[in-house]
Amino acid sequence: MIGGGQGAFIGGVHRIAARLDNRYELVAGALSSNAEKALASGRDLGLADDRCYASFEVMAARESAREDGIEVVAIVTPNHMHFGPARTFLEAGFHVICDKPVTTTLDEARALAGIVERSGRLFVLTHNYTGYPMIRQMRDMVAAGALGKLRHVQVEYAQDWLTEAAESTGAKGAEWRTDPARSGAGGSIGDIGTHAFNLAAFVTRETPDRLLADLTSFVPGRRLDDSANILLRYASGAKGMLWASQVAIGNENTLTLRVYGDKAGIEWSHATLNQMSYTPYGEPTRIITRNGAGSGPSAARVSRVPAGHPEGYLEGFATIYREAADAIMAVRTGAKLASDVIYPGIREGIAGLAFIEAAVRSNATSSWETLNLQW
Amino acid sequence: MIGGGQGAFIGGVHRIAARLDNRYELVAGALSSNAEKALASGRDLGLADDRCYASFEVMAARESAREDGIEVVAIVTPNHMHFGPARTFLEAGFHVICDKPVTTTLDEARALAGIVERSGRLFVLTHNYTGYPMIRQMRDMVAAGALGKLRHVQVEYAQDWLTEAAESTGAKGAEWRTDPARSGAGGSIGDIGTHAFNLAAFVTRETPDRLLADLTSFVPGRRLDDSANILLRYASGAKGMLWASQVAIGNENTLTLRVYGDKAGIEWSHATLNQMSYTPYGEPTRIITRNGAGSGPSAARVSRVPAGHPEGYLEGFATIYREAADAIMAVRTGAKLASDVIYPGIREGIAGLAFIEAAVRSNATSSWETLNLQW
Amino acid sequence: MIGGGQGAFIGGVHRIAARLDNRYELVAGALSSNAEKALASGRDLGLADDRCYASFEVMAARESAREDGIEVVAIVTPNHMHFGPARTFLEAGFHVICDKPVTTTLDEARALAGIVERSGRLFVLTHNYTGYPMIRQMRDMVAAGALGKLRHVQVEYAQDWLTEAAESTGAKGAEWRTDPARSGAGGSIGDIGTHAFNLAAFVTRETPDRLLADLTSFVPGRRLDDSANILLRYASGAKGMLWASQVAIGNENTLTLRVYGDKAGIEWSHATLNQMSYTPYGEPTRIITRNGAGSGPSAARVSRVPAGHPEGYLEGFATIYREAADAIMAVRTGAKLASDVIYPGIREGIAGLAFIEAAVRSNATSSWETLNLQW
Amino acid sequence: MIGGGQGAFIGGVHRIAARLDNRYELVAGALSSNAEKALASGRDLGLADDRCYASFEVMAARESAREDGIEVVAIVTPNHMHFGPARTFLEAGFHVICDKPVTTTLDEARALAGIVERSGRLFVLTHNYTGYPMIRQMRDMVAAGALGKLRHVQVEYAQDWLTEAAESTGAKGAEWRTDPARSGAGGSIGDIGTHAFNLAAFVTRETPDRLLADLTSFVPGRRLDDSANILLRYASGAKGMLWASQVAIGNENTLTLRVYGDKAGIEWSHATLNQMSYTPYGEPTRIITRNGAGSGPSAARVSRVPAGHPEGYLEGFATIYREAADAIMAVRTGAKLASDVIYPGIREGIAGLAFIEAAVRSNATSSWETLNLQW
């Protein structure tokens, strides 16, 4: 693991996610660039002292040299520290699991795509919400044509933890997320907007080709957007709206997705993640529950407990890790990967950066901008 | 009553609304321009035969001449039939209660404003959702500064009854609503978008000065928009999103309003109209219920039953009628109107048309357009 | 109208309910037994002075003598003042609409049943919740066998307005409701428990034959129960639970009904009265909405506005009045009453008193008691 | 681990729960009494062949003899196979984590209590719902007096998976749960009623001293109750209702708890487990969320992710394992166990059996029965 030392939130999440299905063992880490903290953090986690590194380059080199070296590395650092470690480990022959957004610029993301391709290694991006069973269910329903031709895609991700200038009061997570040097050009659009964007694309299997964005930094002195109001247009003729805000008081972590076609509509909300609603035109709304009646095999495959026993955030995150483990095993054994194993990768990373850059551009020009999805 | 003959939905709603608080008596009508239907409809409602008119001009003339003539007229015709009757009755000295949008063009709306002013009569526009107690409550909370400086205004009005080409199958309500000659330039933005726009303005007491609209007619052959994705900007720096759709399957009549400031957020949804949520920053969300704890006097004034006994659409509509009755009494008696009596009027009508026209313009230019609110 | 003078809550509700569908005209009343208040209250409502009575006996006599006398009377007094006026008006040839519970004792209720029968007049009991469209829908679904053989009936009616000793602080409504002389033997079971009991019986078309009740007066000094925990047994083998409380803090007027059979379950809650859920075994839950897909003709018949436009308490109450008007017209004209017109009457009144008396008896004996439903 | 071989649901849950916080390592098991299945199941889980036992007695003996033997055993067998293994492992010096209900009879539970006491080992009963953060929060609020003197305890646990005779169609979980020889005297009351009973007692810190139960087997041929309607009385004067059903169609795993005192009411439901509502009398309802504003330290201590990121069933279960790990460490090191570490144990097991036996007795006598809680 790169990053995720003492006090870091997302590192702990990755570790639980990796552990949940018993498919990974944590044996080495560059948990901090501060040697002392790296060692202390590693010991907390039961790492051997000689595998607690203060530099990812050293770690890559040493682990390469060991017979019992690591097979895959998880990168959980701030955005600007994704590209370097990812390149290093991929080139050293390791698989990489990386937090999102994949890099701080689209150019870097494209460069990384080339590195991934040349390496022959797996690159997994933890767009964790795609691991939720009901999200898989919705994706299948869209693909099966249950909605018909898509018309509306309404997606929102709202929080309130940046309502005040948390970055000025020593909150580390707030500091780097509002710093262009560490986050890239996107504030809220990078941190949560990319999640919303990815989720909609995952479910609909359509990516908007144009957008119009109105970005705002409501908090005085804040250097990146803390909210984004965005209109989307799809090549298919569908239209969308995406709202991301980190200053919407009362929203702890509200993520909602609603998709309407000419045959049916589906709706899902994070607060009730174990269910979705489905309304065929002219019929009563159905509540489809995880592992309940009406829920299909792809949702069941990523569920761990029966219907009615709520699953949550960690389980969804763990599914990304489990899918990655299956994919790694397939690489290791040369076996064909089962077609229902799905994990976000470099393609989704590029789409995320294309989204951020188009939004920033559109905000500057006040006009519709094209997403540059090629690579 | 002008319009509202047999088979018309909104006419019946107006009549119940007028009756609910026992402040009106229906005594005359031009319920249809077809003489036979006008008479039959009038008899159904207990009107005397000689007060069942087939022409609003004749009605205005004859009722003016009667000692026991009407005092106020309700206009419930399609949009293109608002201006004529409104002018005629205002000029004949009657008060007017009129359905929304007020006219089919902004120019007409402005012309009507002059007529209203010269007439000295009341002009009441039935933006009925402003009659809901919790909407009054939200408006008061914003005015009292509970939210601080506003940041986000998220408003939606979604339906699904135009999912298919209902206008081609003889549905009268669908026919005129999708016909530019009878509806004006706006389809869904006129029919429901103006409600959403008005509701947000009523609660926030701010009107956006610019907007960017993406209008769509999803149903082949439809001549007006059936959905509208709109970004809003306010002079105060607040930002907004407005979504209106008549093709969002599973939404019968979903109207939601969420407003976030730098001190608190409030949320309201039509499906649970007797409550709202209020979250001061850093505190738990409060559920404020109609006539319950935390609900203030302006909500109580427009409530009819105790907390926990649901009120609905008709009661909200009736409040517009009751407020109008109070205002009419004040005109009649020369008494000062109580300051808490509120009803939408010609100013709100102009704002609605300014909204429609800016949206149509923005959709054509793909750029931010200014709302022309002057009059 | 008998009772319902200035300051009375339920009288105003009855008047709006009567007015909503334009089927009644209020022309006379004994609104108070205090002559001065009776006159003032009547004038408020636009009654002629000579039809503002201070005695229901005088009113019955005088109105009988008038050519333009009333046709039906509404009794909205406290429970102990139901029997006398009902008998007097029935015997004078008037139809009667009466608040619930019908009387203060089962013996009185049975006596009244005889009077009703001999009079040939209508007796309508305002168990208003049976007027809700989705309640009609549920009743039809049970009758159509959608649920199969019934197993569980779970019904609740919870409030919190008697949490403290409101009866000692001058709250008139609280005073008589906690006074055995005016309320009868039941406190919460009479006031709200009978509503819950009636609602369950209306929907299921089954009346329990035995019950076991645990009644409590939580507030020191209170003379009647303020809550009731009750188990129900049905002749069919179904089992039930009924909870009524007026001291359950946070419940303004929570009424819920859930019925489960061997084929399906249905659920309804007052807070979302315009919808119900329906789950056939092994299928996803359906949300059936008033006038929406899946909602049948009997719900539509008692709806006034389209799907998605919420109806509320007053509309449900008004339906009782409208059904009564239809029934009165049938009596007047000798026409056969349409089979889908339904109103609660003396039979439901007797069942309510049988329920109260069995509950009081069971609470005293700590054993299962039989409901004495014969008459 | 004893039980939990291939195909068993709850064994897998225990293993994830143990793994989630990285406090346990699974090294041995008697996963089945069938030697072949025991070996195959163990290999699936990565156990060494020589630690895959087909007999818990052999396992206890061999593991005692090993230097690297286990420290704690988890018993996840059907109810009738709890006592034997528990006694054996406790007497062999191991800590025991055991599924509920603790035994099949109250006598056995009391006997086990003696064994636990003599052994000096820990006995942890997996009443997993007590691990939920908001349940901890509610418990603290009751203890802090936020509710005042308790009045109503309303608790429900409803499922529908036994709607039909699943026990006759080869569903193993249904078979033993409806077999008195393997389940004990309670069907639904043992399987889910004890959870509801325990949850209410955990939150309120009060145990009812009397109950009146109406048990039913709705499915023809079923030998144990599949539903239970129960009234509760507390020594404090509080009253309660408990409903358990495994035939309530539409309820996948509905667990709800509502507690009302003379100062406030609180409500919680499994479907929205990350929040609870709190209504102080005369104030608006508050929604308190896990790790959000208004949520206290004891909820935070058992949370793993920030507010708004849903936690679920596995996390609550894992908390029981984590608390047990803390307690085991305290025993191992002789340190004092932190006062906020809470886990259900033999006392809760006895209460559960006392509840079952009183319910069965009450059902037979149709009268109030006393819970025999002494030991």
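Labels for the chains are A, B, C and D, by order of writing; each one numbers its residues from 1.
Everything that follows uses one rule, which is that contacts are C-beta pairs under 8 Å (C-beta built on N, C-alpha and C of every residue); 3 or more make two chains touch, one makes a residue touch a chain.
Just so we're clear, the structure is a prediction, and the values are computed from it rather than from any experiment.
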Copy pair chain C, chain D: interface residue numbering same or different (half cut): same
Chain separated most widely from chain C, comparing mean CA positions: A
Between A-C and A-D, the pair joined by more C-beta contacts: A-D
Cα superposition of chain B on its sequence copy chain C - rotation in ° rounded to nearest 5: 180
Where chain A and chain D are represented by their mean Cα positions, the distance between them in whole Å: 35
Separation of mean Cα positions, chain D and chain C [Å, integer]: 43
Interchain centroid distance [CA atoms averaged], chain A/chain C, Å: 55
Residues of chain C whose C-beta touches two or more other chains: 251, 277, 285, 289, 292
Contact set on chain A toward chain B in their complex: 151-152, 154, 160, 163-164, 212, 214, 216, 218, 227, 229, 231, 233, 237, 239-241, 243, 245, 247-251, 258, 260-265, 267, 277, 279-281, 285, 366-368
Sites on chain D touched by chain B in the complex: 277-278, 282-289, 292-294
Contacting residues of chain A [partner chain D, same complex]: 9, 12-13, 15-16, 19-22, 46, 159, 251-254, 270-274, 289, 292, 304-315
